[in-house]
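Structure incoming, see below.
For reference, chains read A, B and C in written order, and residue numbers begin at 1 within each chain.
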Amino acid sequence: MSKEKKSEVREPLIHLSKRTTISPLKAWTIRLIAIVLGLLVCGLAAFLLIEKLQQNPERIGEFYQTFIRGSFSTSRKLWKYLKNTSVLLVISLGLTVAFRMRFWNIGGEGQTLVSVLGAIAVDFYLGGRIPEWILLILMFFAALLSGALWGIIPAVFRAKWGTNETLFTLMMNYVATYLVSYFLVIWVPSGSSSLGKLKYGKLPTLYNEQLLIVLTALFLTIALYIYLNYTKHGYEINVVGESVRTAQYVGISERKVIIRTMILSGAICGLAGYLIAAGSDQTVTTNSVGGQGFTGILVAWLGKFNPLAMILTAGLIQVLNQGAGQISQDFGVDNALPNVIVGIVLFFIIGSEFFINYEIHFRGHHSRANARKEAAK
Amino acid sequence: MEKQLALQMRGITKRFGSVLANDHVDLDVYRGEILAVLGENGCGKTTLMNMIAGIYFPDEGQILIDGKEVVIRSPKDAFIHKIGMIHQHFKLVDLFTAAENVVLGTESGEKYSLKAVNAQVAQIAEKYGFRLDPTKKIYDMSVSEKQTVEIIKVLYRGADILILDEPTAVLTPQEITRLFDVLRRMKEDGKSIIIITHKLNEVMEVSDRVAILRRGQHVATVNTSETDETQLTTMMVGRRISLNIERTKPVNPKPRLIVEGLNLYNTEGVHVLKDISFTANGGEILGIAGIAGSGQRELLESISGLQPVESGKITFYNPKKDRPVSFFHKSIKQVRALAEQGAFHDRNLNDVTFHGMSNKAVRKWVENGDVLFREDEIMNLRDKDPLEIRQLGVHLSFVPEDRLGMGLVGNMDITDNMMLRNYRKGKAGFLNRKKPRAQAEEIIRDLEVATPGVTTPVRRLSGGNVQKVLVGREIAYTPKVLMAAYPVRGLDINSSYTIYNLLNRQKESGVAVIYVGEDLDVLLELCDRIMVMNGGKVTGIMDARTATKEEIGLLMTKTEERKEEDA
Amino acid sequence: MNIWLGFLIDSLAFGATFIYGSTGEILTEKAGHLNLGIPGIMCMGGAGGCLVLNTIGKSGLPPFLIVFLGILGALVFAVFSGLIYSFLTITLRANQNVTGLTLTTFGVGLSKVIVSKLNPVVYLVSTRDYYHWPFAAEKNSLQLLGVLFFLAIIVALLSSWILFRTRVGLQLRAVGENPATADAVGINVTRYKYLATCIGSGIAGLGGFYYIIDYMCSQEAYLSVEALGWLSIALVIFALWRPHMTIIGSTVFGILFSLGGFITNISWIKVTMATTPLLKMLPYVVTIIVLVISSIRNKRENQPPASLGLSYFREER
């Protein structure tokens, strides 16, 4: 008996091991707990940051209600929510294609922005001079091509020389931003650099302005799910992502797959850009994408690069965003508050993945397990 | 002189998940001795040593040093107790110099000065007879130099107990001799040396005592002077084995693959294949013997189209004579062109030309199986990538050395791994998983693969089962040439025999089998002919039925450089 | 003073922001962690410093104490952000890109919420002269070379010295190159990663603080810190992971970034407004070119740390 106690002390306090499997129920329970904890911490942060809440602590209930109200209280908000989620979803779908290949494309922001620019450029020069439907088609292709171009540049260098794609695509985001400022200076000679809403190039209304966008996103999600899991291209993406040597071994050209996939990735971001340009904004600013290219990375990662799961994760992040936006309005705080709230909740979700992937054994785990076994005898 | 105990292990147990890697192992090590830890692959030798070195923490048991119980939680703890381990996969920072690697992780009060470290490293090297430039970067070093750095690293820390994990696996015979000299000198210096190995001759040559492990259990420890290789083998594998591989006479061997004057430079510009020529016959197993790194991998990879060669010919004789033509890999245009060249005849041995026939008629004729090849098809495989070789209709199977890094995708399930070779089949862009799935089920059944099901990712399977999946897939592809690099490495005896039998069955069905192996006994009993490679050259091709181990060993190791050194 | 010399000094002073940001990021990357949270951390550092100055700005404390406490405030906020990142990526082994991006979202947001409520008269105007010491009385751009500017140079040189000339630096680089090796020789990988990330974050945080308080001295300045943070990450590549190189690189970046605004003020150079965005784009383009060239030349010493972006788990089998 004394011997066993001794061995207990010698074990390290905490011991980690990688889990081989975990039931989906358990995994989602862990994630749900993380979200709840994150929201509780948000409440604490709110006390620190929102003066109105410090004066009336009883309004904390209202604080949480506002999360839901932000997206669902009126049908206008609901549609806005659906539209924003859809655009975010399309961007993250574009990124997922690359991520599946272990190509860390964090240039979604730039790819989307440059395609908004492409579409608006067509609109700016041709709007009103050609029939609206031709204009819309041209804008569509301009957007897709610009996005694909932005995707193919880092892909070529990665394929040929192994240039680090994370850093490359990151830089491309800012090249895109200043490209937009450049064109704004050219298009708006007055110096205000604000283009204003253009008259032409607006997607037709289907029931309302948003439905078409939502349907496009849903269709694309399903299409990509099929593409990634049931087609030869999708299979090749997986093989290249898992092991370049295996790809060579079976005669898959790594370069070809990288370039082809990044064209697709860029073009899907291009579609998102088109939805922004023709679907809602009809203008371009350096902030047209508003960081959704980065949020898209989180959506894709949280959804484990599974298009169907990403509907959920995009929806969740958008609820937080819009809810927190509503809070900053109702409680009179800076409009940067959503970033704080989303950040906190995401920290918890990111952290929770650890408990899904690893198992933690505390000191004495084995001796206790042994004791249990003996008791069972 | 009374022998002094340096290290004791008492009841050490370690589990990985459900696998019991070490089961209550007891082991003693004395000062000033070389202890060999002998065992088959996967018997838990390395795991056991990793627990002394602080890489793993034992689930149960005690470790005593100089009679006192100690806790080794980390490599740092191991150093404190003067234990140093030289891992099989070197743990060096490529970007650093030898001296920087040596000094890494040491803590001393004195000022950090690379110059002083360089001097100290040179001094240790001299004391034990190593050759090493302390300022050379690791990425510029040969394997043997890297190993030297590892040993000096451990000595620099003042280790008294040195553990070497399979130190000879990657060395040339001369390097092995030199290493053993160094080890003996360290022994005389009073150090305890543990050497993990599965090579019996080395055990006999260098060790004082041998500890044998089998399936995670300690079988016995014996004095080397009181034992012999037969006894050790018996203890190692648990029963007396004689290698009785059924070898049939090759039936009607015909050239299938001819390699002539092949030269290859690797990406670093090193001349790795020098003027290689040989013929592989159908219905025969051609063994390739040689020390690891003599160019075997490069040879197989250049044949299968993975490495672009500098010069030489790789010719494949597709056994087509008197077989029906099909459209499987040929377009109707290609078939018509071949007919013009007189490549076909019909059932009555008349020449076939398709003059004046519509495509439809040609198609019908061919599909009826009435158009036959007149001769074997001679194909040039040089400068073709694996995909082009496939598209030519050449059934060339390759079981690479690196199973999960090259032959299979670890995170994919068995079905998806089955598809790797032929997922392109069919015109549609969609995958067809029906056939691969059936194939996966067939392999699991026929080769007795232990797996929960076809949807299990292959990386979760054990080494032997992974290899069965890989070999099974390559055979399912009905190869004409089957190349296998170290297909039994890391496998237990049972799985190894499964693989030998599979290769033999392929040979009997007329396949040209090329087998790269390391165990000479197996090569001699399995193969029909043995080609010996040495430093990128072919140093001999001999009949496996008459050759002896000594002959092959000599061809493997004799080099011009060595002559110079000996002189 | 010569207008060009003035411009050069201005660019030098502006560049100090990047020196902080990049040196911080280099330390982190050398430990194997690509911290995309640097923009957020710089914002947090700025916010922390401003918050402290807002509290003590009119308290009549001795100037050196105000300078010191301001810096301390920036450090505390930045290191706190670095701790969030470290805990998630080192202890919980989370994906570095995702964690970093989230930290940037969070940090940028929080700093805006905090700073927008402060009183610029208190935290900027009343403390300005202390930070501009010793050139506070100058009326030209020389006044920009203050305490924090010199601190930046010292930090960069010191970091280089530690990284490449000391045992600690050797071990830190080993952790970033090959953590398994570092672990095997007894280096406490976790501790090194934590220290490098947190110290790096602290340094980066000073960059944000410097930019708001010292260089710009304007209420709106905190809004542009994020963009400078991304530029700092770019500069790491430009400097080929050597802190002392950031001094040169930051000046180049500083010149390119402010050249547009500068030359439009000179009557004899005829440029349009449209040149400005193109010039501002240049640092990123140059960085891309450097990245591409160093990957083509493939010199081992100029590559990112080998294990950059990968989590380390000892018992991985």
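Here, a residue touches a chain if its C-beta (ideal position, glycine included) is under 8 Å from a C-beta of that chain, and two chains touch if they have at least 3 such contacts.
Please read all numbers here as calculations on a predicted model, not as lab measurements.
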B-C or A-C, whichever has more C-beta pairs in contact: A-C
Furthest chain, CA centroid comparison against chain C: B
Euclidean distance of C-alpha centroids - chain A vs chain B, Å: 43
Separation of mean Cα positions, chain C and chain B [Å, integer]: 48
Chain A and chain C: spacing of chain centres that average the CA atoms, whole Å: 26
For chain C, residues contacting two or more additional chains: 315
Shared-contact residues (touching 2 or more other chains) in chain B: none
Sites on chain A at which at least two other chains make contact: none
Contact set on chain A toward chain B in their complex: 7, 10-12, 15, 20, 230-235, 238-239, 242-243, 245-246, 248-253, 366
Footprint of chain A on chain C - complex, ascending: 34, 36, 84, 87-88, 91-95, 97-99, 101-110, 112-114, 116-117, 227, 230-231, 233-234, 237, 272-274, 276-278, 280-281, 284-285, 287-288, 291-292, 295-296, 298, 304, 309, 313, 315-316
Residues of chain C that touch chain B when the two form their complex: 165-167, 170-171, 173-174, 177-178, 180-188, 300-301, 306, 314-315, 317
Chain C contact footprint on chain A (complex, rising order): 16-18, 49, 104, 106, 157, 161-164, 166-168, 170-175, 178-179, 181-182, 185-186, 191, 291, 294-295, 297-298, 301, 333-334, 336-340, 342-344, 346-347, 350-351, 353-354, 357-358
Touching residues (chain side chain B, partner chain C) in the complex: 16, 53, 55-56, 74-76, 78-79, 85, 87, 91-96, 100, 103-107, 112, 137, 139, 153
